[in-house]
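As C-alpha cells, here come the structures.
Look for chain A in each of the two complexes below; its partner is chain B in the first and chain C in the second.
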Partner chain A sequence: MPKTPKKPKASASAATPSPRRAKRDGQATQARLAKLADAVVALAEKQKDPFVDIPIRALSNVSFNEKTRYIEMGDKTQRRNFFNYGQAKRFMQTVLVASKCKQLVDEDKTASIRQIYYLAKHTIKGTNEKTFDDQDESDPVLEDLEVALDSLREELHIFASNRGNLVGPITLVDSGNELDCTRMGSAGYAVPSIVEPDIIQFKKCKAKFILHVEKDTVWRRFYEDRFWEKHNCIVSHGSGQPTRGMRRLLHRMHNELKLPVYALLDCDPWGYYIYSVIKQGSINLAYESRRMAVPEAVFIGVSAFDYERYDLSDDVKLGLDSADVKRCKQILAYPWFAGKRPWEKEIKKLVRNGFKMEVEALCNKSLSFVTEEYVPAKLKDRKQWLD
Partner chain B sequence: MPKTPKKPKASASAATPSPRRAKRDGQATQARLAKLADAVVALAEKQKDPFVDIPIRALSNVSFNEKTRYIEMGDKTQRRNFFNYGQAKRFMQTVLVASKCKQLVDEDKTASIRQIYYLAKHTIKGTNEKTFDDQDESDPVLEDLEVALDSLREELHIFASNRGNLVGPITLVDSGNELDCTRMGSAGYAVPSIVEPDIIQFKKCKAKFILHVEKDTVWRRFYEDRFWEKHNCIVSHGSGQPTRGMRRLLHRMHNELKLPVYALLDCDPWGYYIYSVIKQGSINLAYESRRMAVPEAVFIGVSAFDYERYDLSDDVKLGLDSADVKRCKQILAYPWFAGKRPWEKEIKKLVRNGFKMEVEALCNKSLSFVTEEYVPAKLKDRKQWLD
Partner chain C sequence: MRQTGASSPAAGESQLTLSFSDGRPGLSPTETVKRAPKPKPAAAKTRPGRTRGLSAEDMARQQREISVSEFFAKNRHLLGFDNKRKAMLTTVKEAVDNSLDACEEAGILPDIWIEVSQLTEDRFCVCVRDNGPGIVKQQIPNIFGKLLYGSKFHRLKMARGQQGIGISAAGMYGLLTTGKPISIISRIAGKKDAHHYKLAIDTKKNKPDIIHDDAVEVDWEHGTRVEIELEASYAKGRQSVDEYVEQTAIANPHGSFAYQLPTGEVREYPRSVHELPPAPREIKPHPYGIELGTLMKMLKETECQQVGAFLQTEFSRVSPTISRSVCDTAGLTPRTWVKTVDPQTAEKLFNALQKTRIMAPATNCLAPIGAEAILAGLLKGIKAEFYTATTRPPAVYRGNPFQIEVGIAYGGELGGDWLRSDKSNGDASAPPETRVLRFANRVPLLYQQSGCSMYRSVVETGWNKYGLSQSRGSLPAAPMVVLVHMASVWVPFTSESKEAIADYDEIRKEIKLAIAECGRRLGVLLRRKRTKVAYARRRDVFTRYIDEVVNAVGEMTRVNRTEFRGHLLKLSERYTAAADMDFDDHGKVIRKSAEPGLADTVVVDRSDDGEPDEPEQGVLFEDEAPPPPTRKPARPRRKK
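After this line comes the complex of A and B, so read on.
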C-alpha cells in the first residue's frame, strides 16, 4: 500500500449547489486588468510614451528551484513601448487582447485561444492593416498577458481543450452540479478545461491516493476492473500529455485533499517527459508551475527494469530508435533529472535495453495483470518508485 | 424551429439501475464466434482444408444504396484457406483473434485494438515466428472478423477511444448509473466508446432534436449560453471527426428517440466529409453503416453562402489551397453528393469564394452570435439546410 497520506480533508464548499453556474469571482483578475489599463492611460495623459512590462518567457529566464522542486521564471522583463516602430504593433495587440479578456470576465463568458484571435481581429480604421494576421500572433500575446498579470489563462476566461477523465470516491461540485465520481458512467467524469475553485469545489473525498495513467485505453482497464473501488483511489487519465485542466485538477486534489499522485506511464522518453511535466511543469509555461505542478508526484512504472523484474516476454519490446536515444540524453540533462541516481540508472537502462515498453503491453501476460498484480506490487514496494 | 419530430419516446429501460455494470448480453456474439470455430473444426475433422469466408472490404465491393441512403457492402467474399502457403498465416491470425474476442466476451471484459494485438502476440511453439509482428497486421484481421461475423467491433468487446461529450435534457443509464445529462458538470456527459444497448439505456428524453457540433471549443459556447435549455435539445461534439461511440449514439438517439440530427461544421472539405460520415457512413467501414449512419442528418452550416447571407467580415476568411480544391472535387464525385443540386452549388460556391470559414470565426461578430442569432436563424429556415 502507498504511504499513509495525511487525513484527506475536503476543502470548504458549503455553498449550496445551484443548477446554474456559480457567478465567477473574477474581481482579482478584473483589478489586475484595470491596473494595466490605468497605467497605460496615466502615461498617455501625462503625454509620456505608454508601455507595458512583460516578463521574459525564455530558457534564459527559467530555472529549477531545488527547494520548491518546480520550474520557475526569473524576474527579467522586457519593456514594450507604444512610440517605438518595432514595438507599436505588439503593444497595440497586447492592449487589445487585454481588453477582450476584460470583456470576457465582465460578461462571465469564456473563449478558446482561437476564439480570442477571431474576437480581436479587425481592420484598423482608415488602413488596410489587420490587428492580427494569424493566430500565431495572438497566442504569444496572450501568454505575455498571463505572465504580466500573474494570472492563469483560465482566470482570464480562456479555455483549452478538455481531454481527460477520472473515476473514484470523490464527490465534487462542478458548476453547481454535485457529482459522485463513482457514478458518472463508463467514460468517467469528464474533466473540463477550467477547474478553478469558483467552478469546481471538492465536497467529499474518501480516496487515499490518485493513480494517473497516460491513456484512456489503459484507464478503461482500471475502470472495468473496479480498481478505484478495491484500492480506494481516484484513477485519472489525460489522453496523452495531460491538458492544463487535468494538471491543475491534479495539483488541486494533491494540495487541498492531501492525495499522493502516482503516475503510470509508458517506458519511453515520452512517458518520462509526461511525468516531468506533471511533476515540475513545462519549460514553456514555467510561470504556471506553482499552480499546476505536483513536485511530490511519483513515477511507479513502467520502468526499464520491469522487463526482468516482472518476467515479461519479448512480445512487449518496441524498438528504440536514434531519436529516442537523443531524447533520453536531453531528458537526463534536465536539472531535475540530472544528478538523481535512480533516474540516471533508469534512463541508461532503457538505452541499454534497446527497447521501449507500453503500459498496454503488460496485457500480454493477461488482460488484468496490470490492475491485479503489477500496480498492486508497485504500490507496495517503494524501492521500485522513481521520484 | 426545426420540423416537429415524431413524439420522443424513450426506449424500454425499466431495468433497475444497478451500481454494477449490467452483465453483457453477449450470447448472440458468442454464438457467432462459436459457429465460426465449429465450421473450422468440422472441416478439420473431415480431414478437409479448413477455411473462413471473409467479405471483401474494398471500394469494388461497396455501393451507395439510394433507398436506405447509406453506404453498403456488397456480397463478394474471399476464401481464406489453411492449406495455402499464401493464406495460412492470415488464417491462423483470424482464428487467433477470434479466440481472443471469445475470451473477452466470456469474461465480460473489453480491450483496445492495441491490447488485442498484445493479447494475441506470441512466439509460435517450436519456431522463431511471431503470430503478429505489428499492430498493422492485427487491425485488418479484426475488421475481417467484424464483417465475417456481422458483428460490430463493440459487440466483440473491442473499444476505440472515447472522445466526445454532450449536454441536454436526456436521462440515460450508463453501466447502471442513472445520469441526468443536464447536470454532468462543465464538460458534459463523456460519451464512452461502447454505447450498445446493454451498456446504455435511454430512460427519459425531453429533447426535441440534436445539434452536433464539430469541436469542443464550439460546444462550450453552446453549453455556457445554455442553448440546450433555451431550445430544448441535446448539444454534442466529437472533438473533430466523431468517434465510433459518438456516431453509434447519434444513430441510436435518432432512431430510438426519433430525434432529428442537425450538424454544425466548418465550411471546408473536412467539414463536408464529417457530415458525410455521420450521414452515410465511411467507405472503409461500410459494413457498419446501417448501425452507425444517420441518413436523415441535415447540414445546417457553415455554408459558403453564409458569408453574404450573414454579412460576415473578411476577418473570417481562411485561405483555400489547391489540396482543398482537389478534395472538393473528390467529395462532389461521391455518389451521395453527386447529382444533388444544393450540394453542387455549395461546393462550387466554396471554390469560387476562394476561402474557408470555421464555426469559431462567427465570434468575430460577437461571442454569442452563433448561439443567439446564427443557429436559431438556421433552424427556422429550411431553405438554408443542406440535406
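After this line comes the complex of A and C, so read on.
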C-alpha cells in the first residue's frame, strides 16, 4: 500500500467550508426567486430597463486561491437587460427558467435539467418561435440562475443525469437504502447527480484510497481485474469530465473519509484539464469549487514521460494536432498550473513528443498491464506523480 | 432638327425661304440643309461614252428647285413623323411647345387645353388651345402655313422651339394624310373678335394657302387655338401623348394643363407654382462655341466694318483687349477691314479665337426650372414619399452655357417601401425599375433613352452607395423617378429629332454631380428607414417576449400583471422610439409634437401621409383578453 500522498488537513476541510454548503430549506430559495421577480417588477414600474445581474462564469472572473488551492469566482457580473436586442431572449429565458424552478420548489419536486428544458419550452404566442430551441440554451441559463441567486442546483430542485460509477469496499446509504459498493454488479454504483449528506451518508469504509479513472471502459478493466479488492481501494470514473455529482462525492469521500485521490487520465490536454477540474474546480462552476475541489488529488498518469519509462511501443501514439498544442499553452497559462515545474516539464514534453496517449493504449503491452504493472508501479513511486 | 449656333443680327421676323439651289455659302451652318441630297446644277456633264446617258441639257431640264416643304413632306421622319404613333405625339408636342413659349414670352402664366379625339380608327383630331397673347392676323398664315418661319431661329436664347418648323410641319402632315387643312383661331387681348383661318400648305412653294378666313366670337379673352386632323394612332404608356403631357406638367409647374384623352377622360394638371420662371436672356455666341463655317457666315453678314469691332459686337465676352490679342495671334489688326478677310484668314482668326483665353460666357441667360419648382412639379405628377431636387450652378461646354437640374422621387405609389422585403423573403416581387425623365429646356424627351447622356449618367452612377441595389450597367432597381433637366441656349441633341442629349464630358460631369447630390439625400432617408425597420424588428422582439416575462414573473411574485405588462410595453416603445419615425417628403424625421411648418421645407401638402398614430397598439393587443392597458400618465414618483 502506498502512503497517503498528503494527509487531508483534517480541521479545515472536514468542517463544512461554507454556509451555503448546507442545504437551505425551500423557503429561502422561494424568497430568492421572489426577490428576483420583484426587482424586475420594480424596475419596470420605475420605467427602467429590467435586468438580472449575473456573475460572469469565465476565466476573466476566476482567481486561484493559493491558500485554499481552489479556483474561486470573482465578483464581476454581467447585467442581462430585457430591452437590449441581443439579450432580450436570454432575459426572457432566465425569468422563465426561474419561474419553473419556483414551481418545482413550491411543489417540492425535482426535475432533471432536460425536464426543465421541456418544462420551459413552448411556442411563444402568436409566433412560431420557441422559448428554447435546444437544451444547450437552457443549461447555461440554469447555471446563470444558480450563481445569480447564489443557490445550489439542488436548492432549485434540479438534478442532472447520473454519470460516473464507482466500485470498492465502501458501504453507503443512498436515500435510505444501504448499498455495499463491492456488490453492485458489473456496472458498479451509479453516482447520482445530487450526493448531498441528506441523500447519501457513508456508513462503512475499508478503502484506503480512491483511484479515479477517466472513462468507463478503463474502469471496466479495473473492475474485471478486481483491482479494488487487491489494493483495497475505490475505483471511480466520471465518463470524461466528471459531473458535479461525481466531483462532490470525491470531495466528500476525501474530506469525510480521509481518502487520498489518485487520478489516472489520458496523456493529452483534455486529461490534464480533467485532473485540474477535480483538483481545483472548473472555471465555469468556480462558485462550486469549495464544495467540489480536491486540492490534494494527485495525477499519477499517463505521463508524457511514460513512453520511455515503461518502454511503450510506437503503436500507442496518437497524433497531437495544433488545437491540442494550443490547448496545452492555455493550460500552462492557468494560474494554478503556472509556476509548477513538474507540470511545465510534463506539458512541454507532451508537445515535444508530438503524440498523445490514452490509458487504453497501455493494453498494447498486455490487457492487464495497466492494472497489474502500470498502476501498482505508479502508486509505489511518488517521483512519477504530478501534483 | 438641329439648332444652329448662327445668329444673324436683326433678322427678327424676316422671312426665310430656304431653297437649295440658290447661292449657298460654301459652308452652310444650317444643317437641315446639309441633310438634303445635294442638287448639283453645275456638276451635270454629258458622258460621251455612254449612249444611254442623258445630255447635260436633258438633265438640266430635270433640275429644279426643291421647296423645303416638299423636302420635309418626303422626309417626314426627320421631323418626328416616322410612324402614326409618333406623329400624334409630335403634333401635340409642337403645338404645346409653341403655346408655352408664347405664353412665357408674353409673361402670361400658361393655361393649356389639349384635346385628342378619335374620328375613325386611324384618324384623330388634335386640338390645343392656350391663353397666350394671340397672333396678329397677318402673321397667322405664315406661322402655320409655312415651314421655317418663326422668331426663334435667329437668336441664341433658351427656348423650347428653335426652328419654326414644328407646327407647320404638323399641319402639313395632317394635310398630307387627311387632306384637311389646319384650323387656327386666335384672339388678341382687347380685340372683339378672333380670327379664324383654315390653312393648307402649298408644298411646292412653301407658302400658306388660305382656304377659309373669317372672324368668330370666342368665349376666351386671348390665346390661340390650333386644330389639326391627322392620321395617327393613340396608345397608352411609354412614349405616349399621355406621358408627354404628364412630364410637361412636371417640368412646367407654372403651367396648368387640361388634357382630354380620346377616351373622353379628362386629366387635369393644376398649376403648382404661381410665378413665371424668369425670362431667359438672349446672348451672343461665345467664341468657343462656334465653328469655322459659322464664323465665315458671321463675317459675311456683319454690319461691322472692322475685325476688332466685329469681334466685340458679335461675340460675348470679347473685350477690346481680347479682341486685340486675337487679332495679333491671327496676324491681323483690329482695324483690318472685315471685307478683306478671305477664307484662309478666317481660319487663322478662328484658330486665334480658340487659342485665346476668353472668359466663360455669361450664365444669367438661363432660366432653370429651379429645385423648388421641380419638387412642386414632381409632387404634382408623382405620388412618392420622398422628393428631392437640386439645381447645379451654370456651367459651360464648348462656349455654351448650360445648367443641369436633377430631381428624385422615391417610394410611395412608385412601388412603396420594399426595403422590408428585400432581404427577408425572396418571393417579394421585383421592385419597379427606376424611371428616368429627361428634359431639355423643359421639353420632355421621350425617345432614344439609351442614347442619351442623361440616361447614361443615371446608369453610371453607383447607386449602391446610396442604399439602392443596382446591377452593372443598368438602372438601379428601386421605386424611383430620376428627373434630369438641361437648360441651355443650345442643347446638343444627337439628332434632328431632338430626342437625346449628346455626350459632352462637361455635361455628363454636371449631371452626375447633380445626381450624386440628390442620391446622397436619398441615401440619408434610406439609412433612416433602415434604422426604423431595425427598430421595428427590435420592438417586435420585445413585444413578443413581454407576455412571457409577465407570466414568468407573475408566477414568482404577486404582481398586477396588466399593470406590469403596461409598464413593459411603455418601456419597449421608449427603447424603440426610432421605429415610430415618420419622414416628410424631404426624408427629414417628423417630430411628433413638432411645430408645424419647418422653416426650410418647400411647399408640400399631401394629406395622405402618416400612419395612424399608434399602430403598434392595435397589433399588440389583437388577441388579448384584457383590454389594452389604459395609458395613465406615469404615476408621480420621485426620481433620483
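The rule is short, and it goes like this: the second predicted complex is superposed on the first by the 264 of 387 C-alpha atoms of A that agree within 3 Å, B and C clash if a C-alpha of one lies under 4 Å from a C-alpha of the other, contacts with A are read in each partner's own complex, and residues count from 1 in each chain.
Going forward, a residue touches a chain if its C-beta (ideal position, glycine included) is under 8 Å from a C-beta of that chain, and two chains touch if they have at least 3 such contacts.
Here the structure is a predicted model, which is why all the values come from computation and not from measurement.
Colleague: Give one of first, second, both or neither to describe whether A:338 is in contact with chain B, with chain C, with both, or with none.
Modeller: neither
Colleague: Under the stated touch criterion, which partner chain does A:110 make contact with: chain B (first), chain C (second), both, or neither?
Modeller: First partner only.
Colleague: Looking at A:34 after the superposition, I want to know if it touches chain B, chain C, both of them or none. Which is it: first, second, both, neither?
Modeller: Touch status of A:34: second partner only.
Colleague: Using the superposition on chain A described above, determine whether A:184 touches chain B (first), chain C (second), both, or neither.
Modeller: A:184 contacts chain B only, not chain C.
Colleague: Using the touch criterion from the header, give the chain among chain B and chain C with more contacted residues in chain A.
Modeller: Tallying touched residues of chain A, the top partner is B.
Colleague: With the two complexes superposed on chain A, say which partner A:47 touches: chain B (first), chain C (second), both, or neither.
Modeller: Second partner only.
Colleague: Name the contact category of A:59: first (chain B only), second (chain C only), both, or neither.
Modeller: A:59 sits against neither chain B nor chain C.
Colleague: Please identify the positions on chain A that touch both chain B and chain C, taking each partner from its own complex.
Modeller: After superposing on chain A, no chain A residue contacts both chain B and chain C.
Colleague: Can you tell me which positions in chain B touch chain A when the two form their complex?
Modeller: Where chain B meets chain A, its residues are 19, 21, 104, 107, 109-112, 114-115, 118-119, 121-123, 130, 159, 161-163, 165, 174-175, 177, 179, 182-194, 199, 216-217, 220-221, 224, 239, 313-316, 358, 360-364, 367-368.
Colleague: List the residues on chain C that touch chain A in their complex, please.
Modeller: The contact residues of chain C facing chain A are 538, 541-542, 544-545, 547-549, 551-553, 555-557, 559, 564, 567-568, 570-572, 574-575, 622-623, 634-635, 637.
Colleague: Report the residues of chain A in contact with chain C in the complex, numbered from low to high.
Modeller: 33-34, 36-38, 40-41, 44-50, 82-83, 85, 88-89, 91-92, 95-96, 98-99, 102-103, 124-127, 129, 131
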